[in-house]
Amino acid sequence: MDLGISGKKALVCASSEGLGKACAISLSQEGVHVFINGRTLETLQATAKEISDAGGQVTIIQADVSTEAGRKSLLEVCPEPDILINNNAGPNPVGFMQSTQQDWDDAIAANMMAPIFMIQSVLSGMRKRKFGRIINITSAMVKSPSPIMCVSSATRTAVTALCKAVSKEAVMSNVTINNILPEMFDTGRQQKNAELIMRFTKVSYDDARKKLVSRITAGRMGVPKEFGDTCAFLCSQQASYMSGQNVQLDGGSYDGLI
Amino acid sequence: MDLGISGKKALVCASSEGLGKACAISLSQEGVHVFINGRTLETLQATAKEISDAGGQVTIIQADVSTEAGRKSLLEVCPEPDILINNNAGPNPVGFMQSTQQDWDDAIAANMMAPIFMIQSVLSGMRKRKFGRIINITSAMVKSPSPIMCVSSATRTAVTALCKAVSKEAVMSNVTINNILPEMFDTGRQQKNAELIMRFTKVSYDDARKKLVSRITAGRMGVPKEFGDTCAFLCSQQASYMSGQNVQLDGGSYDGLI
Amino acid sequence: MDLGISGKKALVCASSEGLGKACAISLSQEGVHVFINGRTLETLQATAKEISDAGGQVTIIQADVSTEAGRKSLLEVCPEPDILINNNAGPNPVGFMQSTQQDWDDAIAANMMAPIFMIQSVLSGMRKRKFGRIINITSAMVKSPSPIMCVSSATRTAVTALCKAVSKEAVMSNVTINNILPEMFDTGRQQKNAELIMRFTKVSYDDARKKLVSRITAGRMGVPKEFGDTCAFLCSQQASYMSGQNVQLDGGSYDGLI
Amino acid sequence: MDLGISGKKALVCASSEGLGKACAISLSQEGVHVFINGRTLETLQATAKEISDAGGQVTIIQADVSTEAGRKSLLEVCPEPDILINNNAGPNPVGFMQSTQQDWDDAIAANMMAPIFMIQSVLSGMRKRKFGRIINITSAMVKSPSPIMCVSSATRTAVTALCKAVSKEAVMSNVTINNILPEMFDTGRQQKNAELIMRFTKVSYDDARKKLVSRITAGRMGVPKEFGDTCAFLCSQQASYMSGQNVQLDGGSYDGLI
């Protein structure tokens, strides 16, 4: 299937590893020039090499998207993206009663205002050029908030609400805004989670992984390429009529009707 | 993007025209052998010719999927589909107070029990073969019921609830069940709707169409290929981790957060 | 709090026991004349005595609301209800692959068309009299469909969709339509469920109950009066501005955001 | 109906006028000692007089709940509330492209962190005392975000997600957390909105009001008492089994199924 986006430019935030990287790879395979971003030069260069070795066009931007300076760097290198993938490392788990002003300030900066300000910076240009695809990588916890991830859930859901509002105007200019809600993909993050379970509950790594996987109805973790290709499809010309939605990639785990 | 479904078999109900046809075309372009279905031989043959002229592999099944006999015919010709697209003509608009036992019986047969029994017939085989994609073409009215389409809304939403329940087990065997909710695509149906408006409100065909389009936030009707390609993507290997969902193709018109 | 409905007439379907009875009791305590219904005269008379002993005004109607004849009886005795509570025994649990045409026909009659036709019979009168309260007792499974209750989930969700559509017009005449979604109340039904668990898993009745209760986040079953009083509040003058909604009485168990 | 909360203490934020005041009045009529709050002493005293003249027990706290100092004042005067009603003036309407860092900072303080920190301050005590009712007055825009209210929608939806997460633990100790989503009540706010429409579109006040009312399916604005009494019912003993929900008081205007 030809997605019709060869030659487009995509700004992919926090994409040196994990799901952001998966999106960059899938987009680059469709001929999109990807601008990848991360805080660590080494990881960023390794990912860039992987993409260009496979024939993709890639530019690296070392920056922290959580900061105003970081966002400025991103937009200086790629001022007119056709595609924006909002992504960032999530807040650490913390119970509500333990959450501090600092926890909230950090999450608001990294997971709420970072994507909001990125969208504000690119939206007018996209609307003027009559093409834009904005994807927010949020979380299953937007639709199913959990106590231990309450700070993450609150800030990401704020982005979801903002984007629904904004999408109503953007779609008139062929700019779509959608969210992808992952749960649970086989990335470094889940390796860390398995290690935490291993340490705290004194089980083997394999048993810790089994425990994680037991939460997923499909009985397995997702493969990053499944995430990346879904992202690429949502960025396609064909996906022009779909906007303001929450696409759950969760192995069918969500219990709700809608 | 390679969807990884070349050589698969798809049973596409009510696919001689409209959105069902769009799905058959998009799937055939990915190398899927499509079994198309309709009640009128002539229309069916024309669609089959269109698909095979473009290099697709196609088999026709003249049958009415609303009847038990019709479903039997479909399954005799294609007993082991990898992909099932549930589709059928919807009930005519009718106000609730005017709806009769007959209206309900007809809609229950055509838009509720037809897809339910089709799924019941193919699910075990799909689960045994560890691959299955079931897509129900429902309607925007599942998430936004409207008075004049209340019979359609009720019966299609019943399918949606059933499928959510069933999807929880099916996904364990790599069988996904998803719904696509169209509103409003440029097919014969909307031409008829425009003609109705033209006649009842004494306006030109162009003005009638403008009136229809004014309900869509994107400011245009959807193109059938947009629908078909989304369907094809949901049938892909890559979409294996996505199940039990309602994908709205409505030009961003839905107002709700979730 | 004065609910402002003293002297109103309420037709409460399937109300000789369980949640229907709880609604009848709460309404009668607000001065509503309740018309209670059931298939067994003895149970019906016992409930009627309980209500009238407490000072309530009550009329019994022995009839099966699942049948056209039964609905006719109800409406002959109470042709102009101000309040309609739709309730009926639910379908037995059955897996999707085991469900038969008969299972579906029965559930469609009892849990889909019975409430739909009851509403159709009383709606015009309520609208003309500028007051009406319609409450459907559905189930938590409308918002969280489960495999073993898939037939129930499908038919009850059809009612929910129909009612949303109808509510848009009804509310203009001060007729509200809302659904209450119980999970899990301490009625005879849960006693039967506990006995089933007791028998199948060879545990004591107490342990069987503990197993049931473990599914409820609040850590306890609901008390029927909690259900009845919520129903009475939704029937109040004050609840006039609330319509088309799904009120979950489930001890906070539902996981979804919306 | 006896709500069983006579003698309880309720902290009602931003309650010198509008919907907060309506909640305070309804609660006081049930015998609840209400602690009302506002920034202007005069308005606060007038409301207090109204409540005490009607026989209610009332204490005033002049403070701005948006600030840490203000919240401290509230909790000093009422350190152990049984009921907390979170309310605050909403952000001014502003388009997304015009919204500034300041707009976001203000809304985050007033409409997101204020209720979140209030809940954090009272939750442990409520759980220890095995009774608590927390109601957030949010907005219809949580479920139907609108472009011009996007900042309000984002911040209020963050609270909704946080509360869903927190409610899962709180309900185990008989502490419920629910949201009421108003649209549109006949308070000073709608008078201001009507005046704005009057000025900008050069119509009469009556026509401006008609324009506002035309957005409501019920064809009228809500009466504050309808809001207050619903709030009081959600604070009742009987409402103990209902938590984590979004109750829409919108004259049946919301279009969505769920």
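Just so it is clear, A, B, C and D label the chains in written order, and each chain counts residues from 1 on its own.
In this text, a residue touches a chain if its C-beta (ideal position, glycine included) is under 8 Å from a C-beta of that chain, and two chains touch if they have at least 3 such contacts.
The model shown is predicted, which means the values in this text are computed figures rather than measured ones.
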item: Given chain A and chain B, the chains that contact each of them; value: C, D
item: Chain A onto chain D, rotation angle from CA fit, given as a multiple of 5 degrees; value: 180
item: Chain centre separation (chain B, chain C; CA means) in Å; value: 33
item: Separation of chain B from chain D, taking each centre as the mean of its C-alpha atoms, in whole Å; value: 43
item: Overlap residues in chain C, where contacts from two or more other chains coincide; value: 142-143, 145, 157, 160-161, 164, 168, 254-258
item: Contact graph of the chains (line, ring, star, complete, other); value: complete
item: Complex interface listing, chain D residues touching chain A; value: 96-97, 99, 104, 108, 112-113, 116, 120, 123-124, 141-142, 145-147, 149-151, 153-162, 164-166, 168-169, 256-258
item: Residue numbers on chain D that touch chain B, as the complex places them; value: 142-145, 157, 255-258
item: Chain D - residues contacting chain C, complex; value: 1, 3, 26, 29-30, 143, 160-161, 164, 167-168, 170-172, 174, 176, 217-219, 222-223, 225-227, 229-230, 232-233, 236, 238-252, 254-258
